[in-house]
Amino acid sequence: MSLKVGFVGMGIMGQPMSKNVLKAGYNVTVYNRTVAKIGPLAEAGAKVASSPKEAAEGADIIILMLAGPEAIDAVMDGPEGVLAGMDEGQTLVNMSTVTPAYSRQLDEELKTRSIVSIDAPVSGSRKPAEEGALVILAGGPREKVTDLEPLLLTMGKNVIYCGEAGQGSSMKLAANLLLGIMMAGLSEAINFGEKCGLPVEAMLETMLSGPMGCTLFEFKKEMLINDTFDAQFPLKHMIKDVRFALQTADENGAPTPVGHTVFQLYRQSIGHGLSNMDFAAVKKVFERMSDSVSSSPIIPGV
Amino acid sequence: MSLKVGFVGMGIMGQPMSKNVLKAGYNVTVYNRTVAKIGPLAEAGAKVASSPKEAAEGADIIILMLAGPEAIDAVMDGPEGVLAGMDEGQTLVNMSTVTPAYSRQLDEELKTRSIVSIDAPVSGSRKPAEEGALVILAGGPREKVTDLEPLLLTMGKNVIYCGEAGQGSSMKLAANLLLGIMMAGLSEAINFGEKCGLPVEAMLETMLSGPMGCTLFEFKKEMLINDTFDAQFPLKHMIKDVRFALQTADENGAPTPVGHTVFQLYRQSIGHGLSNMDFAAVKKVFERMSDSVSSSPIIPGV
Amino acid sequence: MSLKVGFVGMGIMGQPMSKNVLKAGYNVTVYNRTVAKIGPLAEAGAKVASSPKEAAEGADIIILMLAGPEAIDAVMDGPEGVLAGMDEGQTLVNMSTVTPAYSRQLDEELKTRSIVSIDAPVSGSRKPAEEGALVILAGGPREKVTDLEPLLLTMGKNVIYCGEAGQGSSMKLAANLLLGIMMAGLSEAINFGEKCGLPVEAMLETMLSGPMGCTLFEFKKEMLINDTFDAQFPLKHMIKDVRFALQTADENGAPTPVGHTVFQLYRQSIGHGLSNMDFAAVKKVFERMSDSVSSSPIIPGV
Amino acid sequence: MSLKVGFVGMGIMGQPMSKNVLKAGYNVTVYNRTVAKIGPLAEAGAKVASSPKEAAEGADIIILMLAGPEAIDAVMDGPEGVLAGMDEGQTLVNMSTVTPAYSRQLDEELKTRSIVSIDAPVSGSRKPAEEGALVILAGGPREKVTDLEPLLLTMGKNVIYCGEAGQGSSMKLAANLLLGIMMAGLSEAINFGEKCGLPVEAMLETMLSGPMGCTLFEFKKEMLINDTFDAQFPLKHMIKDVRFALQTADENGAPTPVGHTVFQLYRQSIGHGLSNMDFAAVKKVFERMSDSVSSSPIIPGV
């Protein structure tokens, strides 16, 4: 008899992830605030809960894939919230990106009700989510993470055990701090080359041929060449992750001079109205800061 | 009958590169200021010149692989210099990293003597140099670059044509600006994770599994885990390349906020006595800046 | 008959400020968690409350001068807290540095109990506090600020009206963002000059003679020359204020690239154990980052 | 009999400075590339030289007040240059801002011809230049600086002896590094406050009342309130000075993280077409980076 999974959050990531869980034969009940986004899962055979509480009730495992702490608090609390539907012996797997401090606090609250919590955020965006090829970064009791591996591997290609509760979140922030730096670095280097008169295509060929070649740059290649930035991983989420990383760095005494510099660049992107574009659109901030472009609008039509 | 190649500069890069040219059947004459470093090439069958002039005389192609502008000026000028040995119809291939301004000036000087110059710096460090797997970034007349491809491909896996004289140098600086940012970014992220209590091995597995996975991080993995930094690409060369990139950015009106931040980090590394270590040793600057490490010496025994 | 003032917080600032209120003839009751610090005020004639509640009861005006939000929450809440002792018609004057968001939230809470709140943080450190020469930055109802001016001017030389509730806090953060930048800037410039071989005395004479001459640099002159940093304004408070400024900037879409850079420097100072020294000790971070000082301990004896 | 002074360079600074020398009774011969700017001096009684050489010939002291190294080289070299007109026993006083390396090189060249050189750049802009209230930062032989004091004090209110040749230049760069940081810091703080809803006037009153109050901020107050930036000290000169400071810091192993950050801001100002405005116009870069201003032109009419 298959395990019952309650899955809360049907965004860019939650949709393909829950679909992969469903396809693997789990008994999946989904919930999303915006009902319209539930359609594809319902068609694929998932049950639909009318409240977070209903998604949680009777599930063996409840998975959260939400935009951040505020969104999690909104589905957890209240008479129709996940917490109202949970009972001892269940497991909560929070795959959303939050700070380690938040994960540890959630873990402590759930412990008082004999509920195990795992923080299991992911490295990878829409495409690996669709392909079940995410990297899953898990924090919590090691045996519980081992037990959950078959479920987690329906969504990801590997599970990296990071340590006790909160350490999955720490790992995610370390990874996305680097991700944010690499994308800002690529943008700065490409913009530099353009100002020197180099063709973008030759630059991307160079970056991809050498030791820096990676699927991140491969994914962003067409965006940079075509100057269109449909969101694989929206800028508004990147800025949130860098913000969490800097806060956590501050709490732990870790210097982050590069992180602070790129934070300012993503922050500017948000201000320039690029929030919903892919985070590679940080490239446009460099264009805007460059010589001779002072009067061109950053978004067509604005 | 094989082409005659004069090869000047037998450093970390020049040695394996010239060896690959030699193995491919070219008639190679080598020169190096420090004679001791010529041994391996002489044993492998290269002729040894007693001056830069002698290496240049009668060669079809003269290749330079030197530490920078000062080193190039030192071998080019004077009665025993390369220029004194060159004649019209020869080709100079400068594979050293310099600014595009320097390359253009050199090109203009050689043009007056009917000598063609190509700036052809490389992406990749010692290991790809040994394997003939460098990425070669060429600037100069397109037909001449095409003619030289068989020679260049003895050292590299591909040749990327970047544009007129100086554009190979521009491309190299764009690439190494990104390289410097990525290594500083990895160091910052790893140090952040360590302060949060994450194991280094799990962090590198995470970075290598996801979209950021690249051979650069693969190469530096053992260095970071073992905290030993034998130079593949010495820090003193990285700081030079970032300095050139920032100067060129300033001349071309390209904003480089991330580059400036990482420049300060590499600059500190130099000050802390890490010049001859691999540039991954920038990691040690983050350790030094972190909480609670204020009294530990950065270099063992110092 | 003189107004009754409850004054909570007897730190570096609170002691001289409350003493000036007392000297002006107000009827002052003081409270401090650490009783030892109350002595000088008691000797000078202040009444001593045994709880925050007691300091608040029956006072016309309650003044808070505390280290930050946590300290304020600690004295406000609970059965022996300030709130338990307050009644409608009283006025709360919070002179501690907090974020505008915190001030607005406090104001809204107090409004529900018909208590008026004024946020009135100060510009200036120990010395101007002793001399009654602080600059007082007031947010809240304009008429109420006008009414309070005679009281506020016992502590300060002028009162600047900044706008509605929270705007005193905004102004304080703007001022201390600049203060943090100026001190870090002076440290960077002095350290730069020292590396160039300039005498510190001549540098300070230069900075003080020209258009940059200000009492801030005058106050820090002896510290920098003698390399001793007894706290006028401790580094741990400066880092807190810059942190608040950056958070508030992030919330309001204000770019703060210089603030982020100096935050990292003060953050390093904290990590190096300089928390309780004057914030001018950020100078030592520059020394530590400089060439050739890698092995010297930053604090004597550590 | 009064000393003969050759004064080369009639820019924003050179005009009022040479006028003050003239008014003090010296026998002054002026030269400027653009003849139109010589008018006021000629009317005031200065002799006019038709070449730099002529300004130098027979003078006891030759003063240079030029935009930088290129401008100095242009007037010094060639058959009609200053050097062609100089003879042993004369003194060259270079009041232009250059790097210490440049000053030392110039000094060594002149020494071979038994000409003493003094580097004596100034702190202060147009207004103190007009009032003879500059701070003069002198490097070179101490006795020679002492001999020159009566002359120098016609232009400045004090002379600060900084050390051997080149140290006047070092001091100037230290001072203008701080100046650049303070102006960028004020701009960042004011822009931050504006985004928080604070009135500019109240902010400037706050900054001027407290320990940060200085004539620099007093001078820029009206510019910031009225959003007009007529050049007292043009942005193009400030960026040059910060660039020199960063180069010199790099050569001397001095960390300049704040300097690098503000350099990028001034660099952007130049790119946005603000070169000839006062350096306080760096404020406009903050506006441009802020939320919601993305489509407004930075220069009216552009």
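Order of writing sets the labels: A, B, C and D. Residues in every chain begin at 1.
We take it that contacts are C-beta pairs under 8 Å (C-beta built on N, C-alpha and C of every residue); 3 or more make two chains touch, one makes a residue touch a chain.
Remember, it's a predicted structure, so these values are computed and weren't measured experimentally.
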Chain centres computed over CA atoms; the one at greatest distance from chain C is chain B
More Cb-Cb contact pairs, comparing A-B against A-D, go to A-B
Interchain centroid distance [CA atoms averaged], chain A/chain B, Å: 37
Distance from chain D to chain A - Cα centre to Cα centre, in angstrom: 51
Of all residues in chain A, the ones touching two or more other chains: 253, 255-257, 260-261, 264, 268, 270-271, 289-292
Give every residue of chain C touching chain A within the complex, in rising order. 243, 250, 253, 255-257, 260-261, 263-264, 267-268, 270-271
Residue numbers on chain B that touch chain A, as the complex places them: 100, 123-125, 128, 135, 137, 157-158, 160-163, 167, 170-171, 173-175, 177-179, 181-182, 184-186, 188-199, 202-203, 205-207, 209-216, 219, 245, 248-249, 252-262, 264-265, 286, 289-292
Could you please specify the touching residues of chain C with respect to chain B in the complex? 257, 268, 270-273, 288-295, 297-299, 302
